[in-house]
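Below, each structure is written out as structure tokens.
First subunit A sits with subunit B, and in the next complex the same chain sits with subunit C.
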Partner chain A sequence: MGGRRWLTKDFFILMTPAFVLLLIFIIYPLLNTFYLSFTHWDGMTQPKFVGISNYREMFHDPLFWTSVKNNLFIFIVFLPLVTLVGLGFAVLLHNKAVFGRNVLRGLVMLGMVMPMTVVGIVWMLLLDPHAGIVNRILEIFGVAPRAWIQDPSTAIYFVILGSLWAWQGFTTTVFLAGLEGLDVEVLEAAWIDGANAWQRFRYVILPLLKPALIVVVTMSAIYILKVFDLIYVLSGGESVPMYLFVLAYMVYYEIFYNFRWGYAAAIATLLTVSVFVFSLGMLKRMISERGVESG
Partner chain B sequence: MGRKTLSIAMALVVVLAVVAAGCITGSTTSTSSPSATSTASTAPTSSTQKQVTVVIYGQWGGVEGQNFESALKVYEEEHPNVKIKYVIQSKLRDAVLTELATGSPNFDIAILPWPALIKELGEKGQLEPLNSIVNYYNGEIQKDLLNMVKVGDTYYAVPIKAWAKPGIWYNIPDFKKYNLTPPKTLDQLEQDCKVFEEHGIQPMASGAADKWPLTDIFEAVLIRIGGPQLHNDLMLHKIKWTDPRVLEAFKILRDLIKEGCYGNPQTAIGEKWEAQVPRLAKGQVAMYFMGNWIVLMLEKEGAQPGKDFGLIPFPVINQSAKFAIVAGGDWVVIPKNAPHKEAAMELAKWLAGPQYQEIMVKKKGYLAPNLKVPLSAYDPMDAKVVEWMKEYGVVPDLDDNAPPGFQPIIWNKLFEFWANPDDYKQIAEQLEQYAEQYYKS
Partner chain C sequence: MRVVKVSTRYKVTINLVAWTIGVILFIPLLALVMASIRPFAEIVNGWWNFHNAHFTLINYKQVWDAGFWRYILNSLLIATFATILPILIAGMAAYGFTSFSFPVKTLLFLTLVAIQVVPQQAVIVPLLKLFRDLHMYNQYYGIILVHSTFALPWTIFFLRNFFKAIPKDYEEAARIDGLSDVGIYFRVILPIALPAIISVAVVQFIFVWQDLFFALTLLRPDKWPVSAGVTTFISRYNPNWGQLTAAGTLSIIVPILVYVLLQKYYMKGVTGGIKG
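And then the complex of A and B:
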């Protein structure tokens, strides 16, 4: 029973405020959302219990499948991209030979410290078909101006690009922290053994960065599965086009335009469960990695 | 501390937290019984004694917001016991619906531009009937605007501002420079477009990136094909989106888009509506179909009505079709559970009256739903719009009066049409499928 020595009076006093807040603002809303997902509720009259009818409807709703498809597409393209870009920047900024690397480290973080609405507005200004600098530069190279953000064939790529710009600051920082924490002796040993730069990176640095990699992949996955604000801003607010619908926006749309809080709660529940299952898988992996390391 | 004591302490914490959370639920469910509303209504706000702060939610910002606040000062001076707090809500719909769902909204009055939403909220018992105000002004308020928010015999809102989408605003120097006359027919419009295009001027702007302006253009074409009856029938879904006359509207617009009347199709879909106003003032764009509110914006850009810009009705397509102007407004609503209902009713009455509306009319870009406001109070361009409304008659805005969930679908589908005009038949079919779903429910 010695393992429970931390169950002291102080522990409970210190934990109580956080626990109460967690209960009110996280656990209760989660449970309430789960309950609402089994009701028909318009946000005004009494909720009516309808069993699993919302879930059944969801799987027959073409808009739901469009949203799932878009979520998956964004997820599949974004995740490797943000990981590679973050790793690339981290390796570059870890190198002491890079001129002005401290300034560059600050610049890399710029997208991350900006609110997503500001990121959206910056992108809109940059890509404006008449006044945007991107189209002006492209014109120099003979590319005709286009409405990149609004064009149905390119819009989703700019959502990914905008998210990448905003989020790579985080992935770079995590990888940088991982690189800073590497054991120099191990690297020196590899160097003495005659490993070249690529071999050192591939066979020494990368395996040692695995914990950082798992954090990056988990957090990036959570971030991108919940993507909403950037799509909302880039679409001009109230009218996100159907080819950009994602699950998080669908929740909003069902509540504020169709007054179907119950149905929206079912979608939100599914989204939460997906994020939870993915995070749990990654977390387990991280714990087992740690177990291997320490064991 | 024993384990038992700790367990009790934790249990107490959990109970407290659940009770606190339950308070949130409690208020949520209280919404659901609209009849159990009105404790707040009898709060002693009265107008004579206690100081009351009436909170108004609206989305008027910029010059319009400043004008509104300065008009409210007049009311405050006349009612020293009333303070008015105007809160600009950029996401007005979200704020209003969320607060109504909690059962205890923080606002006393909301200014909403969505008649279909107002009716839905009224039917669900969320809004206070405003028949007393309508009766007080006995016939002074524009009937069309009142009918848009009427359910049975109950008026759930009163209009405090009217707007119209009267036609095409055009840049006079551009037309003079190339010896063109503002188009009266579709053929003339197409010819003018060609001349402007040849001289590197974008013939027309659409404001497509914001999507809603596209429905206005579509409605104008629809009226010119089948008159107000066709417009009304589609709005109420008495005819299908695949009706041959509706398809004709799509086809006419497809041709205009493909001929370059709206500029380069690849950039036209990225044009924000507000950004087109300075372009029109500068003559970079020759014509722009937009509502009367741009008068103020054009004047702010230094353009003068009659000298730099003028207004024409959308060109004739079918000679036999009666013309009408799409008009709408902003309405005030009072929630059933408004914190200061009595004071809110008084203020809403004043906002629906001629004193307030004349103040606003004199500030330009504002049309009064109260008919007691004299025509002499208007700026010449606004007066012209009011006269047209009287002469041609008005029809309600199609998408604003469609079921709330269908409105963004109309916007989106018309936007997809603008991006791929050749897909118009497929888009009309998709719109019809959604319409069947929404109008049924």
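And then the complex of A and C:
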């Protein structure tokens, strides 16, 4: 490799389509969103440059703060939960004493391959005060039935549960792949050294799972920061109740209900920056591991 | 490893735990299907209640007659083309990356890696304007192009890692036979890379099938895929569970089938990010 002449017709035939598309549909709009976040714009007339007015407005917008609060709450509950659940399932499904592991692996992925709107419908049914099985099961433990989704103080758990059911398939699968890639000799050495099960897990397996852990935490963080479908499903054709707003839904709402495209761009920018911040660790690792230079 | 004695009690316990979890994970799907094949009056008393149970396909008929088949056709169309197109284009670029060295290679590659995580919301405002100006709004090819582009960064990354592992001898031999780079890509590299391409295809197909945000924003309801179409059956205050779950079941048949048939490839695609 290395020395081949690149200024050839073939080189450009191979590379041009991809980068033209990326330029038109991602790179240009991404930069443009950043610019538009400093404008007032209804989507029709010319955008008017207004400096940081949109960002200043956010601080006084109760809808914005509700969204941030919801995003944060979902994030803080979901992230450790989905990581631990994934790790636990992976360890369980990696255990050779478990029968039918392939069937179980398939079951884990069910929620992962269907549209989140259908996941939403399923959980609406499960949590329904009358037709839902969750209330019936809780009744056995003496918990009175309630309208989980209709109640503003508990509706957010619907989002967390639905996301958890759907996304644990990803975290479990990534941890499983990590476990399967472990070096048997290292484990054997730890075994011979007399480490017990917990010590082997804590001091040998867990450090070796670090790459998988980074992927899981990063991808889960990105996934949950962008939560949108499960919120949209609750709108029932109208707008979502205000107490359930999240940033991704707010972008949609400001575009299609308020026609404040500049403001929507500002919120989208904020969302994008948070996604990038949480991705940095993983992206850096991808770059160094894959060796950009080695081609 | 040395032979470890496993007690029967340990075996029973761990299987009990694993299969209890398995059943819990399966309940949501069971609920969806069960509610879809029972009359409304019975669902309200609980789909798990088999006392005096009746089964019916009336919900499916109603949903189908209400035009749900349209959403399925839209999904099939969009997901199929938004899978084939990016694979062709990403494969070409990935091959360009592996077989050429060029001045801004590192920069381009870093851009690709970073772009992977751009959320759909980050582009939607300018995209709506662009779509209006270019008359791409509410056109199948518009959303297909956008989905294809969003697939490119990770697909190029994934395929490049695979291409790198292909021995150079194949290429050299083909070059001696007089094939051009484009020819080598189509006749030599693509066939060898078929497993990787299937992995990418399955992941991308299922991903596009699931997408809601671009569908809602770039298409009118008549061109909506199932992910958005299914929401037209939702009503906040008195849900018609039968129709809702029948529509939901119809929406997941294709992706579940694809997943079941190509599970091995899907898993490879999903975990590609860590094992390379």
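Observations, loosely collected:
One rule holds for everything that comes next: the second predicted complex is superposed on the first by the 256 of 295 C-alpha atoms of A that agree within 3 Å, B and C clash if a C-alpha of one lies under 4 Å from a C-alpha of the other, contacts with A are read in each partner's own complex, and residues count from 1 in each chain.
FYI, contacts are C-beta pairs under 8 Å (C-beta built on N, C-alpha and C of every residue); 3 or more make two chains touch, one makes a residue touch a chain.
Keep in mind the model is a prediction, meaning the values are calculated, not measured.
Applying the stated contact rule after C-alpha superposition, one finds that A:71 touches neither subunit B nor subunit C.
With both structures placed on the common chain, the touch criterion links A:39 to neither subunit B nor subunit C. Residue contacts after overlaying the shared chain place A:19 against subunit B and subunit C alike.
In the superposition on chain A, A:144 contacts subunit B only, with no contact to subunit C. In the superposed model, A:129 lies in contact with subunit B only, and not with subunit C. In the superposed model, A:238 makes contact with both subunit B and subunit C. Contacts of A:220 after superposition: neither subunit B nor subunit C is touched. In the superposed model, A:121 makes contact with subunit C only, not with subunit B. Applying the stated contact rule after C-alpha superposition, one finds that A:258 touches subunit B and leaves subunit C untouched.
A simple residue count on subunit A separates subunit B from subunit C, and the partner touching more is C. Residues 8, 19, 24, 28, 32, 43, 128, 130-131, 236-238, 255-256, 261 of subunit A contact both subunit B in one complex and subunit C in the other. Contacts from subunit A toward subunit B in the complex involve residues 7-9, 12, 16, 19-20, 23-24, 28, 32, 42-47, 127-131, 135, 144-152, 236-243, 253, 255-259, 261. On the subunit A side of its complex with subunit C, the touching residues are 1-4, 6, 8, 10-11, 13-15, 17-19, 21-22, 24-30, 32-33, 36, 43, 89, 92-93, 95, 97-100, 103-104, 106-111, 113-119, 121-126, 128, 130-131, 133, 136, 165, 170, 173-174, 177-178, 181, 184, 187-188, 191, 211-212, 215, 219, 222, 225-226, 228-229, 232-238, 247-248, 251-252, 255-256, 261, 264-265, 268-269, 271-272, 275-276, 279, 283, 286-287, 289-290, 292-293, 295.
The touching residues of subunit C, when paired with subunit A in their complex, are 1-2, 6, 10-11, 14-15, 17-19, 21-22, 25-29, 31-32, 35, 43-48, 89-90, 92-93, 95-102, 105-106, 108-130, 145-146, 148-150, 152-153, 156-157, 161, 164, 168, 180-182, 185, 206, 209-213, 216-217, 226-228, 230-232, 234-237, 239, 241, 244-245, 247-248, 251-252, 255-256, 258-260, 263, 266-267, 270-271, 273-276.
Put simply, subunit B touches subunit A in their complex at residues 1, 3, 6, 9-10, 13-14, 16-18, 20-21, 24-25, 29, 31-34, 91, 93-94, 97, 100-101, 120-121, 124-126, 208-212, 264, 266-272, 275, 279, 404-405, 407-409, 411-412, 415-416, 419-420.
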